[in-house]
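Presented below are the structures under discussion, each in the form of structure tokens.
Same chain, two partners: chain A is paired with chain B first, then with chain C.
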Partner chain A sequence: MFKLLKEILRTGDATVQYPFAPYEASKDFRGKPEHDAEKCIACAACTIACPPNAIHMETDLDAGTRTWSIDYGRCIFCGRCEESCPTGAIGLTPEFELAVMSKEDLTVKAVFQLDHCRSCGKPFAPLKEVEYVGKLLAQTGGETERSAREEQILHTCPECKRKNDLEQVSRMKIAAQMETSK
Partner chain B sequence: MDMFVQDRVGGEYLTALRTVLPNAIVNEEWQTPRQVTITVTADALADVMKTLYYEHYGWVSVVVGNDERPLNGHFAVYYVLSMEGPQKCHIVVRVEVSAITQEWPSVTPVVPACVWGEREVRDMFGLTPVGLPDARRLVLPDDWPDDLHPLRKDAMDYRTRPAPTQDDETYEFINDAKQETTIVPIGPLHITSDEPGHFRLFVDGEDIIDADYRMFYVHRGMEKAAEARMGYNEVTFLADRVCGICGYAHSVAYTTSVENALGVVVPERGQAIRAILLETERLHSHLLNLGLVCHYTGFDSGFQQFFRVREKAMVLAEVLTGSRKTYGMNLIGGVRRDILGDQAIETRRVVAELREDVNRLVDILLETANITGRVVGVGKLDKQVARDFSPVGPMVRGSGFARDTRSDHTFAGYASVPFTPRSHDGCDVLSRTLVRIEEVHDSLNLIEALLDVAPGGRILTEDFEYKPHKFALGFTEAPRGEDIHWSMTGDNQKLYRWRCRASTYNNWPVLRYMLRGNTVSDAAVIVGSLDPCYSCTDRVTVVDVRKHSAQTVPYKEMERYGRERKDSPLK
Partner chain C sequence: MNSPFNAPFTTDGLQAKPPVVSIPDQVAKMKAALLKDIQRSAYVYRVDCGGCNGCEIEIFGTITPVFDAERFGIKVVPSPRHADILLYTGAVTRSMRMPALRSWEAAPDPKIVISYGACGCTGGIFHDMYCVWGGTDKIVPVDVFIPGCPPTPAATIYGFAVALGLLGQKLKTHTHIEQEGESVPVSHPDIPYKLRVALEREARRMAGYRQGRDLVEEFLDQLDAKAAAPLPERMKRFVANQEDPRRAEIFGCLEGIVTQAIGG
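And then the complex of A and B:
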């Protein structure tokens, strides 16, 4: 009994004043992920990596948009989105006070424009993602500017690319060429 | 797989088995040098199990059902045995169950430890263990349709919620008492932990004559969800959420199972970090239980002191992983965060501080007069009962068996540091508490030792290939005992089957024997000493069958009675 009293006196006041005083989370605390729509290219890597399906992508072909959204109510703060993001557009913060008055406020959205195919005119991929790929290719090839032809191919949907390729091949009259080369 | 034939451990058991039961084993397949799956004939199953369990010092870890009809046309049941004799290894006894008869001979009559596993396979797969003495459901609720077995591959979508088939609770509680007894139903809420489990104490006056209970009121269908909707790497994060206390242990068990199945070699530094975090988790869990022992015995200032000190372990976890509880540190192949210089320094500081704090508090706890009166000789877990039912963790170590996965089987970074499992012979609440106290100190020592020996280098490897339909076991020693996972990969970056067994699952079946012969006011202390693990409730219903009256007692009142032991709410 005496030891217990001594321990209680030794301890003093153990209760923290939170929420009336700020509470510091540790340096590497895994809290609310923040999305930077400027950097995001809507590639959907995070939606695949997210274990609880907190991050979603929805494509609206009529409007030509793709909507990225995160539901903080489902988020488990694992940071897999941060690890999978190619452009560093999403990252965890030490923020842990996420309470809201209405459930809708837990969802944050960002809308991205889709790129329309220059051949068929249909939307096929987010414009920013296509541009990112273009820059990546240019960087690999050591070029600084794209030719008009490269620009045309970049903004063509995969289906039209295949079709265009076939048409081009048929125009080449391979059979005729093979005969003459004999 | 032939490359490690030389290193195989456990072959002697199979040789011995072949001598006594020459035609029993039809197939033998090694997953790792210390893990073998043998397929046996249904007729020989019970004999094989009995021989391995009682003659070669095997313990039943888990029973796994699997719907293998799309793979080979049969169902299969896997009995996982942890062999803890001279050769430490895992032997998985597999028996094929015909898709037409859907029956196989029950092992429970010869090895009682299989009872919950076989009941669960019957619920989840609709297979019949012929000869199983207990015909009741285990996992599925009473109002679940009779012919719907959730884990069959052709049964249901994981989002399906079938309509209830009836309004009545039809679960029959078993009472072995010879004399007339009064029934005290507690739950589906529980006197100690505010969690859902229905207890029925059969009492004569204040004495508990027998007890029965029902769990799984909050079955979450995690195995089904994991198999149906998550990739094999994402399941790691689901495993983190199996338990609110020892989630990281599950996460390690799961990743280890897949790593064993795919032959992934985790870098040593990653392994050491896993072990450090497992011990951090054990610290906060054991300190919580020591606090609860104080609480249940009416020593609430002690409870508050233990929780104050426990907070330091929680903050340590936050520093190391970025989260107080669900660490989210594992991936298949290693861990996601390294322990850097300043984190290691902080860890050593907290460990030193905790060591002093815990010493002082344990002194106070053991010197408090009413503690010994409440825990010595109370809630005895008889050695033979323990041997028959394969309980795990401080439960079995408090009954004289030094079973500890950390020393019995190799996983995470434990092989690189010295470790001796603890055990006490008293079989009572005190013994279990003493085991936990000693293990807190072991954990502190292990963390320091692991920080010392952890080599530098990589923490994660991505150098492996996902192969379809490979399976293996993964295991950890969680604070409450062995957690064991059995995983089989699918052919779609998912799991074909995931069986996740938490440690308390193995500890519930023996509780009945621990409650017998004690008084109602000791029930809370006894259940608390099991360090039980399930979710929240708030009231206790008491029915006196002699008077045909029912009375609802608030949970607080039942708990108060457990602490003060006067003014019984039953009178």
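And then the complex of A and C:
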């Protein structure tokens, strides 16, 4: 009996104190994915990567907005969003206390503005994404400032770009040039 | 009587929707009164509606001595007739709808229904499969949702505490609306883009996507650091200081890429 009591005292209490004391999640614990909307460029990489479609994106062309949303109830905490995010806007946190009374509280949304094409005026891509691409291109070219022409091209939708190129080619009269060079 | 067994199905486009059972006002009032001042144990009956067994393993983890849910009087019982709390796991397959409803009927009022795990909450990764209803709330009224795939034992205890009204919920829905002039800076603007991509690719190839990113960020911070010592020397010291041989190996490779980029 005494031996047993001694053994019990030596072993101590194995039970964790949670919820009376905070519970320390282990390193690299995959908890709630936290979205920093200010760092997000609404590129939809996470939407494509998400296996259970917990992350969802909807584009409203009439309002010119794109709405990003995550449903924590559907999330399987795989971290694919974190892997695919080009700006590090979404990342898993050690937060695990996610239980809610109503299902609406499981959804978090972010609304982003779309960029309107400077030629045709139609929305074509999220403004922040276009700006980010511009910055990356400038960095690749070793520039700091964008010229007015570069700015114009950057904010033009692919369709208008194609049309403008064709117009330019027709203005150059390539056919005529080819005949004379013969 | 409000029997869920013979209620008609509704259709939403091509998809059939099972009827959701409703609770009478009297029972709801009883439940509110009970939860206001619960001074007894809460017995839990586990209903597996087509889960993968991951959630069950975590529930068993919760009742082990390490997490010891019995401290709070939470005990897993083998019959719904003993239960105060019904714990639904799994995405609710078509064939498990009836057994799930039977156990719901068998549990005495007032009862608390908990949706457990990603599948229980919304159908999880199985949400769009032909054979599931996608979530417990599609068939019975749910009081608390515990997301997770599976929820850890600590998350389970937190969920029970929320269900019994001991702790408040932390998660709140919110919508961020983009402000005028919000823009994202390019990270590490002083490092050439091509070099950064090459480093990221190599680190992710060697350490996997997630850890690779962490490692390459650490390395890029080293490159960015403003210090008196010249870059090759600093990198050599950084690699030599690594205690973990795996990290040293990866950083060594990254150093090779940088050296090549500088030399070439």
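The rule we apply is simple: the second predicted complex is superposed on the first by the 167 of 182 C-alpha atoms of A that agree within 3 Å, B and C clash if a C-alpha of one lies under 4 Å from a C-alpha of the other, contacts with A are read in each partner's own complex, and residues count from 1 in each chain.
Here is the rule we go by: contacts are C-beta pairs under 8 Å (C-beta built on N, C-alpha and C of every residue); 3 or more make two chains touch, one makes a residue touch a chain.
Here the structure is a predicted model, which is why all the values come from computation and not from measurement.
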Most chain A residues touched (candidates chain B, chain C): C
Touching partner for A:158 - first (chain B), second (chain C), both, neither: neither
Contacts of A:39 with chain B and chain C, given as first, second, both or neither: second
Contacts of A:8 with chain B and chain C, given as first, second, both or neither: first
Which superposed partner A:51 touches (first chain B, second chain C, both, neither): both
First, second, both or neither for A:18, with chain B first and chain C second: second
Chain B versus chain C as contact partner of A:72, first or second or both or neither: second
Footprint overlap on chain A, comparing chain B with chain C: 14, 25, 28, 51-52, 76-77, 79, 83
Touching residues on chain A, where the partner in the complex is chain B: 1, 3-4, 7-8, 11, 14, 25-30, 51-52, 76-80, 83, 92
Interfacial residue positions of chain A with respect to chain C in the complex: 14-16, 18-19, 23, 25, 28, 32, 37-41, 51-53, 71-77, 79, 82-83, 87-89, 96-101, 103-113, 127-128, 131-132, 135-136, 139-140
For the chain B and chain A complex, residues of the former touching the latter: 230, 234, 236-238, 241, 301-302, 305, 308, 315, 318-319, 321-323, 326, 328, 336-337, 360-361, 363-364, 367-368
Footprint of chain A on chain C - complex, ascending: 65-68, 71, 118, 121-125, 127-128, 135, 137, 142-149, 151-152, 154-155, 157-159, 161-163, 166-167, 169-178, 182-187, 189, 192-194, 209-210, 213
